[in-house]
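Reading through the structure tokens given below for one structure.
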Amino acid sequence: MSAILPPAVGGSAAPTDPAIETGGGTGLWKDAFLRLRRNPQAIAGAVIIGLFLLVALLAPILAPYGGNELPGRTEITPTTIPGPGEIGGYPLGLDRFGGDLLSKLIWGAQASLLIGVVSTALGLAGGMLLGVLAGGFGGWVDNVIMRFVDILLSVPNLLLAVSIAAILGQSPYAIMIAIGVSQIPIFARLLRSSMLSQRGSDYILAAQTLGLSRGTITMSHLLPNSMGPVIVQATLTLATAVIDAAALSFLGLGGGLPQAAEWGRMLTYAQAELSIAPQLAFLPGACIAITALGFTLLGESLREALDPKTRQK
Amino acid sequence: MLRVIGKRIALLIPTLFGLSVLLFLWVRSLPGGPATALLGEKATPEAVARVNELYGFDRPLLTQYFTYIGKLLQGDFGVSINTGRPVLEEFATRFPATVELTIVALIFAIGIGVPLGYAAARHYGRFVDHSSVVLSLIGITVPVFFLAFIFKYLFAIQWSILPPDGRQNPRINATHFTDFYVLDGLLTGEWDAAWDAFLHLILPGLALGTIPLAIIVRITRASVLETQNADYVRTARAKGLLERTIRGRFILRNAMLPVVTTIGLQLGLLISGAVLTETVFAFNGIGRFLRDAIFGLDYPVLQGFIIFIAILYAIINLLVDISYSIIDPRVRVQ
Amino acid sequence: MSTRDTSVRRFHLTRKRAALTAGISIGALLMTGCVQSQREEGAGAEGSGEAVNSTFVFAASSDPKSLDPAFASDGESFRVSRQIFEGLVGVEKGTADPAPLLAESWETSEDGLATTFQLKEGVKFHDGTDFNAEAVCFNFDRWYNWTGLQQAETVSYYYNSLFRGFKDQPDEAVYESCEANGDNEVTVNLAKPFAGFVPALSLPAFAMQSPTALEEFKADEIGGSEESPKLSEYALGNPVGTGPFKFESWDVGQQLELSSFEDYWGEKGQITETIFRIIDDPQARRQALEAGTIDGYDLVAPADVQSLKDGGYNVVARDPFTILYLGFNHKVEQLADPLVREAIAHAIDKEALVAQTLPEGTEVATQFIPDVVDGYNEDVTTYDFDPERAKELLAEAGYPDGFEVQFNYPTNVSRPYMPTPEQVFTNLQAQLADVGITVTPSPAAWSPDYLDQVQGTEDHGLHLLGWTGDYNDTDNFIGVFFGQQKPEFGFDNPELFAALDEARGMTDREEQTKAYEEINEQIAEFIPAIPLAHPAPSLAFNERVTSYPASPVNDEVFSEIELSK
């Protein structure tokens, strides 16, 4: 599901002309930021993400009820679910379990943020470890690691996540770990190819002639200069994590309370009530789509801004 | 060329071996076991123990692994625990369904994605560009099962213009030879059957196609952007070649290279998507079968499938490389 | 399909050769004369009824596991086999009680060991052979003589659980021998009394199958090897019975077709062709009905009942023959305390649970059997909904502030007795919270995870489970639940186990009924679990289906369906 960025192609976005070896906030990154500010797609993405973050962080203040609370438990029957505005106090109506839909949508932002951040961090950390080992050492280490990554890549991403979730059992953390781990091969592949493209460059050769150790070169020169595509991918992964979480939930994995305020979960359960309460499906569905769109737009724009090929124009 | 293929196969063997070990360990590390899956509410501890003994699940892992590999090398993928039929036979009947579905999805994704990406690049930075990118992104940011659900709800239930599930109307009495239903209908001259099978492919195909669509748009756009500023294009312009010729012969053709790669690499994505779309549309393909296998702990099916996919993946990668040399005469497979 | 040799060779093909081969195979396909329509002209369209479309399409939730009912135990297998096969004993319409079918009458000896059946005359199997006393004995002996893998519970569940043993363990076996007295009379001798013998024969697993076909298609040859048991040729595509429909084709994962049997002894009905369409997603079944691709489906989601009725569809509810209960793991410290169990019984408002989460027609349960089953105790001890009393009891038990306990429930599953487990769970969770009991949710995928955890391990606290009865037999409910020490409940109550064991072996029906009434009271006082409800599963049909023979034990033969167009 999630490889928005095909690994083989992504490597091309590596900066080929690292004027500023120390990374830092000038030059490449500053330039990228300036370019982002002029890009309407990037602005749209940033606005969406800003709103999303605001709602997620202020959920305790904004939401009338707690995410797992069931204030309207006695108002529902198997065949009726009060819709928007039908009962006072619940502006968007109730859900199947008697929860307040508005509150759940608000708390859902927080859940999505958590899933996105945790799983992306996991994928990033694992991928960087493998990528650095492979790209930094080369040789047989590279070979073994990349074979392993190939094996993982040959398993369709969602199936990989499902398999991991199946081993870990039903818990919200299982989902985050599953999504995160399934992203590791992509990050590893990306970082390695980005590092490889840097290895022959003059500044690395210079560092080598200066007698710097392999570790120093890898960690303080190669790695910082290879991070561009990885950061782009991380932004995109924030989007796919939210979507993948919904897919896993649809396939019956997830854990926790059934009434948990999580968009994917809400969307999944709502399908049985589509005929009597379509808003239960459409609103969480829209939230997922909009949030994912925000992260994707920003990630895409960032990639473009960092890409030296489009930079020159 | 032959040597390249040989080398690829040599590389495939350790991958497959590693995969088979990982797979075996993974499957055995799943909680529960096939015995409970088979027995349902009726599983008493004694019954479970007896079934495990009969099926050999209580033997040491290493013994189980070698039995498995031994059989695999003889082309025996085992028998599905859930259906009691040989795994290969199960794949053979379901694979054509997923292939048909994937073809429709790709036709849709390429048919829309390439022109959209091209238009975006031509009008870089303008409204067309932004809207085409956003449009294509909406395709992937809406969860595919939800999109499938909306399609079904609107087209099949509300407006009743397309069938909601399955591969063919159960009331149509069709003959099947190849299990590619559309092809079967065409070969036998049962036009109504072919048409009906095709109609059944549209909704799941559209839903599935939205996944690669966004990627194709993006890659096409980036790739056209790059080539249209390339030196040889400038040279061609300077020589006064017709704009149409330049666009067709130079830009589009060269820009297609990464697009082809990308499409080849979408396989895993499409299979993941197929698990979801086939579930929503009760479409009897590999995806749905696989989902049942995961939840039913159907060891032989899972093991067989992943091996099969890895081989397929390698073949597709090879085909992608070969197609390079056709599209781009500069690339020779070495 | 591909042996090692061919698969390796395939990689060495050059592109040109590969293309050539592909070309040849497509050419061959086009040329072979076999590529022509195999349609039978007008099949299905014409039939007995003039104005009626005699093809009936029913959505099944999965493929049958096997077409040989003796080797099946799942509902979808039996749904199909009920059309193809008939047993000696049938089911009284709309009830769970035995009725004559292939046997017109029977008589059991004083000691309960010998039962003599008078068989219906002139009955033929689909393959043209006669159904007679010899065929009956062939079937009984077939079951009795099973060995090895055939004896596994996954393979022959019902024979195992009801007839207990096979020829190679004669000490346990309930069955002893079968004698044919002429063509139409047969005596079955049991080794020990079994009061449920005749009702048990109404189970589809004990339907009569054609001896000729069983032998010809090697029905007992299952599995080439131990770790990969394979269905027999018979079970895959050659089932032969005496029922109103005969097998036509099975396109796995897609559909299964039956056609009307011309020489059927009884009423053939309006339907000449039955198609079981496999649609696993419940929501997709509903949509298929709305789109008109199917005529009906089973287990309608409670939320859909009203809207389907409003849409002009016929919704048929079965009489509940189910039980949904809240299980306790007595190995958990708090739950081992009878006061706590009583407190929980008082904490649960069953009426509210039924009204808010279960389908129309569901009855609140006071005990673990539905009221139509023998041994139902009208005067059983009940625990009224009384949260105050519950809190008092908790305080008395030493938990004035309540306690925390694990609550297991399954996800993504719909059972006849539990259409929406997640909703039942949330409802109970909220009710328990009101008296101070906090639950830790522990969801798991239904099969195998959930069942494994709840039935096979001690890793659970409260849990949801239930049962759909197979036939009118008390032991089939409470004997299954509380007949022995099980990890599911974890209690050891020798008195109860002994009482159940004794009742099972009683030959006198009245005495047995009385014994079961007492046992039900005993259970109610012990509270090993809380009976919640008897949910009523519903089916939905297209408006053209004017009558459907709904049965509490799913004994639904499609020849009895009435269509209006």
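Labels for the chains are A, B and C, by order of writing; each one numbers its residues from 1.
Simple rule for what comes next: contacts are C-beta pairs under 8 Å (C-beta built on N, C-alpha and C of every residue); 3 or more make two chains touch, one makes a residue touch a chain.
Please read these numbers as outputs of a predicted model, since none were measured by experiment.
**Q** Hey, which pair has more contacts between C-betas, B-C or A-C?
**A** Answer by contact count: B-C.
**Q** Taking all protein C-alpha atoms shown, work out their mean, then name the chain whose own C-alpha mean is nearest to it.
**A** Of all chains shown, the one whose C-alpha centre lies nearest the global C-alpha mean is B.
**Q** Please tell me the distance, in whole Å, between the geometric centres of subunit A and subunit B computed from their C-alpha atoms.
**A** 23
**Q** Suppose each chain is reduced to the average of its Cα coordinates; what separation in Å results between subunit B and subunit C?
**A** 36
**Q** As a quick test, compute the distance in whole Å between the mean CA positions of subunit A and subunit C.
**A** Subunit A and subunit C have C-alpha centres separated by 44 Å.
**Q** What are the residues of subunit A that contact at least two other chains?
**A** Residues 169, 251-252, 271, 274.
**Q** Indicate the residues of subunit B shared as contacts by at least two other chains.
**A** 31, 153, 279, 295
**Q** Mind pulling the subunit C residues that touch 2 or more other chains?
**A** Residues 445, 449.
**Q** Please give the residue numbers of subunit C that touch subunit B in the complex, ascending.
**A** Where subunit C meets subunit B, its residues are 1-4, 7, 11-12, 14-15, 29-30, 34-40, 43-44, 55, 57, 63, 65-66, 73-74, 148-149, 152-154, 157, 161, 222-224, 226-231, 235-236, 251-255, 275, 277-281, 284, 287-288, 290-294, 445, 447-449, 451-453, 455-456, 465, 467, 486-487.
**Q** Note which residues of subunit A are touching subunit B in the complex, please.
**A** Residues 1, 3-4, 6-9, 40-41, 44, 147-148, 150-151, 153-159, 162-163, 166-167, 169, 239, 243, 246-247, 250-252, 264, 267, 271, 274, 281, 285, 288-290, 292-293, 296-297, 300, 309-310, 313.
**Q** Using the touch definition from the top, list the residues of subunit C that touch subunit A in their complex.
**A** Result: residues 282-283, 286, 301-307, 352, 355-360, 409, 411-412, 420, 422-423, 425-427, 429-430, 441-445, 449 of subunit C touch subunit A.
**Q** Help me check something: in the complex, which residues belonging to subunit A touch subunit C?
**A** 70, 73-74, 76-81, 96-98, 169-170, 251-259, 269, 271-276
**Q** Using the touch definition from the top, list the residues of subunit B that touch subunit A in their complex.
**A** Residue list for subunit B touching subunit A: 14-15, 18-19, 22, 26, 29-31, 130, 133-134, 137-138, 140-146, 149-150, 153, 211, 214-215, 218-219, 225-226, 229, 258, 261-262, 265-269, 271-273, 275-276, 279, 290-291, 294-295, 306, 309-310, 313.
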